[in-house]
Amino acid sequence: MNSDSLQYQFNRIRSNKAFEAFVIFIIITSALLIGAKTYKISDALMSVILWLDWFITAFFIVELSIRFIGEENKRRFFLNGWNVFDTIIVLVSVIPIDNSEMALLGRLVRVFRVLRMVSIIPELRMLLDSLLKALPQLGYVVALMFIIFYIYAAIGSMFFAQINETLWGDISIAMLTLFRIMTFEDWTDVMYETMVVYPLSWTFYLTFIFFTAFAFLNMVIGIVVRVLDEENERMKAEELGHEPCTLDKLRDEIQALKAEIRQLNSNSDYSTNKNSKPE
Amino acid sequence: MNSDSLQYQFNRIRSNKAFEAFVIFIIITSALLIGAKTYKISDALMSVILWLDWFITAFFIVELSIRFIGEENKRRFFLNGWNVFDTIIVLVSVIPIDNSEMALLGRLVRVFRVLRMVSIIPELRMLLDSLLKALPQLGYVVALMFIIFYIYAAIGSMFFAQINETLWGDISIAMLTLFRIMTFEDWTDVMYETMVVYPLSWTFYLTFIFFTAFAFLNMVIGIVVRVLDEENERMKAEELGHEPCTLDKLRDEIQALKAEIRQLNSNSDYSTNKNSKPE
Amino acid sequence: MNSDSLQYQFNRIRSNKAFEAFVIFIIITSALLIGAKTYKISDALMSVILWLDWFITAFFIVELSIRFIGEENKRRFFLNGWNVFDTIIVLVSVIPIDNSEMALLGRLVRVFRVLRMVSIIPELRMLLDSLLKALPQLGYVVALMFIIFYIYAAIGSMFFAQINETLWGDISIAMLTLFRIMTFEDWTDVMYETMVVYPLSWTFYLTFIFFTAFAFLNMVIGIVVRVLDEENERMKAEELGHEPCTLDKLRDEIQALKAEIRQLNSNSDYSTNKNSKPE
Amino acid sequence: MNSDSLQYQFNRIRSNKAFEAFVIFIIITSALLIGAKTYKISDALMSVILWLDWFITAFFIVELSIRFIGEENKRRFFLNGWNVFDTIIVLVSVIPIDNSEMALLGRLVRVFRVLRMVSIIPELRMLLDSLLKALPQLGYVVALMFIIFYIYAAIGSMFFAQINETLWGDISIAMLTLFRIMTFEDWTDVMYETMVVYPLSWTFYLTFIFFTAFAFLNMVIGIVVRVLDEENERMKAEELGHEPCTLDKLRDEIQALKAEIRQLNSNSDYSTNKNSKPE
């Protein structure tokens, strides 16, 4: 059938290394155009950039169509988050820009085209996936950290609001100030200011730094290290073509061995007894 | 009996998922009220907040009562640190506020209500427990660090007190300055100031930074990573329903195997001899 | 033959511990001369330094010649990157200095002589090699980080260029500013400035810090820790003179054992049957 | 004998828990006196402190004598670095203070008395020992880092000395400036200053930061983590009373088992053959 052969043809193009390299080249060009626009450039160059920009948009539509038609299972195509992302990026690019609001959105979308690099190169996709995998594990750490931030921000804005309105005015500003303190950014300036009124307020800052910067950062490190190790082991196991051997499995093997030896032992005893009986 | 059925009834409410979700919702509302109070709000909204505040206090008393009556073993209830914490938070909330001192305490207690989130959600409680578990292991590191801080602060205030009274005036101020240096917060400003008088004083700062920031921070990381790993292994073991297998246990298994084979060997030898004798 | 004996002789010199120590001494002298030149020194001392400098250049030519003639396989000599590095350093040193441009290059080359220390001492070479080994693994992390930097720099220069030209003027300056933010260097000054115009611009900074400083730094730590562990295990294996034992190998051993016991079991059964038959 | 009984008596005092606690109490008192002296105190209190100070010195002499007389092997006493340290601290304390130079030394020695805490409490001693154990492993990392610092300092003072004399004047000042850059302390101020003259000088700073702050800090973390793990395993092994089991040992055990089974197999074959022959 015509449609089938077209699908097959497009699937072949899609898997073609040269086509993939060309797509990456176009994405890089797109990224360079975005960069170029931030410089002060002549009008002539600007019009060239605009022409190139439309060519890239057109190319992305063609490329996405090829990938969509080349896909055997049309439904599965949109189950893949990256395909949805690519489609949105392409669709928003073709919306005619009327007012300045939309123009800004159009420019932003063009910036996010660079992220298509991640969707094309499998290694980058895997890296981001492993990072996202770590997020649920980090979820409760972030929740606990948010609670600590909230409590310190509430206390901070309760006591220090009248000292420095711009730093401790309300709870959201106080949380931003606390984030700054967590990154050690001029935190002593903030502290010395409040120590004039409350000489013991250094305990507020030191306990906060201990709670967040030290303990929690270490926890994050611990979790990320663990996730990376797991990912690493999983990959090794895949390379081996079987599940990695564990100590528990080894013990099971040894116990199976013992059972067989016991069996052997009883046989041997029986054989010995049989032999000795006639005597 | 009436009391028993009440206890059973309350125990059922306590374990109810919807009730738990409602408690969490109330705690979040309580946290939002605390945050709202830090903004400049109209008197009408303020009175609404005060009414909500009293409702939350009342709800917490009811909730705590349900949990207390629902508990089978009344003594064990107060052995749990989180229950004691919850009780104190609720009791202090109901104390009538007379003077401004007490008002401040009342406001502080309302802030700490947010911590009830940790006592309700088991994952957060586990996270905090594993952090507290790491503390005794960190105890001696903190002690050693305190000694280093004390020695450097004594030397610092001995030499630099006449250079900058606000930074090195006495040993406690000097320790705060050293903590600041450890966080790399404008530490060069402190150093350049003393280098004018003592050109070699950079050795004081550099050795201090090496001792504390590098060596000790790494130790802390090492210990926290280890504790997290242990916690992780313990949890895996619990999931498996038995203790995790170790290399030493495997060796014991293999040696038991060897003993049995030896037994078999001697039997077999005996059997061989028995058989060969008659010939 | 004459050439052979010369090669043998030079190979012996090359491997001589005293010769090696003398080369290290000369490199250190060379490094001290470079350091000495940065101080304001008298003309007499300067001429001594220049004489020493020429002596060191001459010595390096002799030393390189000895190593080259002493090498059995002349081709393999230039396959070693460190030998190529040493040759370039020596050759550029002897180029007659005509104009100031060349003089600067000559001075720079003399500075890089210090790196010869790494090429001479095996432990330092191994350390640098293990660092370079980690680079390909870090390649994709760096690529992903570059993409994040590029996107944030494009957005940053799009919105903030008119606020502060020197920080967000074009995409390359914006990337430098973002690097500064990643190191937490006065990042709040940059943020507070843009928050005056865009009050929500703190989200830009906070998400950027979360993406880069926390997640990625931890990934880098994870990868480096892993590479170091692998290197460590490889070295242990080399010390043992055999490959390190793995759990999978142990399982294979146990399964081989089981096969033999089964063999034994069938023999024993046979023997038992044989014995029982006559009865 | 009299001497023997004295030695035995003193050895008993030394091992006495109460005596140890009293020594720790005296050291803490000594530390508090040092701290107290940094405050502005009345003359009356000062004379009390001086009296206490002499009492502590006297007590330390007595305590050291007890420990020395109590020691069975007098030679081994001074082989222990901590004993030598204690002796020096005590001896310098009793030197009569004549001029201000000596007075300063006397005060410094009193500060270092706090370190006696480490020599008394075994856990702190173990912690410091494990830190010192990591040093040789870090030796080459420090050497490589010093080479990088030296090269960058030489290049920095070559190019930037005329821009800012106080930061890049000579190679030693340049190294201090580079250390500051490594700690991210106002490093952009240093960079922006040189970028006015050399617009590409950001490459100098960025490559330096990549080389030192990222790569090497991670190496240090890696090594310290490893050393801590080793220490931890060693301690576990000591608790078990035997060397920890390794995978290689397990394999040896399994291979020994295999040899025995083979032996058994050949016996069994023999027995089978013996039995089958008569038929």
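Order as written gives the chain letters A, B, C and D; numbering starts at 1 within each chain.
Everything below uses one rule, namely that contacts are C-beta pairs under 8 Å (C-beta built on N, C-alpha and C of every residue); 3 or more make two chains touch, one makes a residue touch a chain.
Predicted, not measured: the structure shown is a model, and the values here were computed from it.
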| item | value |
| --- | --- |
| Graph distance between chain A and chain C, where chains that touch are linked | 1 |
| Chain whose average C-alpha position is farthest from chain B's own | C |
| Rounded Å distance between chain B and chain C, as computed from the means of their C-alpha atoms | 39 |
| Between chain D and chain C, distance of the C-alpha-averaged centres to the nearest whole Å | 28 |
| Shared-contact residues (touching 2 or more other chains) in chain D | 184, 186, 221, 225, 246-247, 250, 254, 257, 261, 264, 268, 271, 275 |
| Contacting residues of chain D [partner chain C, same complex] | 140-141, 143-144, 147, 150-151, 154-155, 157-158, 161, 169-172, 174, 184, 186-188, 202, 206, 209, 213-215, 218-219, 221-223, 225-226, 246-248, 250-251, 254-255, 257-258, 261-262, 264-265, 268-269, 271-272, 275-276, 279 |
| Sites on chain A touched by chain C in the complex | 31, 34-35, 38-39, 107-108, 111-112, 114-115, 117-118, 121, 123-124, 127-128, 131, 176, 179-180, 183-186, 217, 220-221, 224-225, 228-229, 232, 240, 244-247, 249-250, 253-254, 256-257, 260-261, 263-264, 267-268, 270-271, 274-275, 278 |
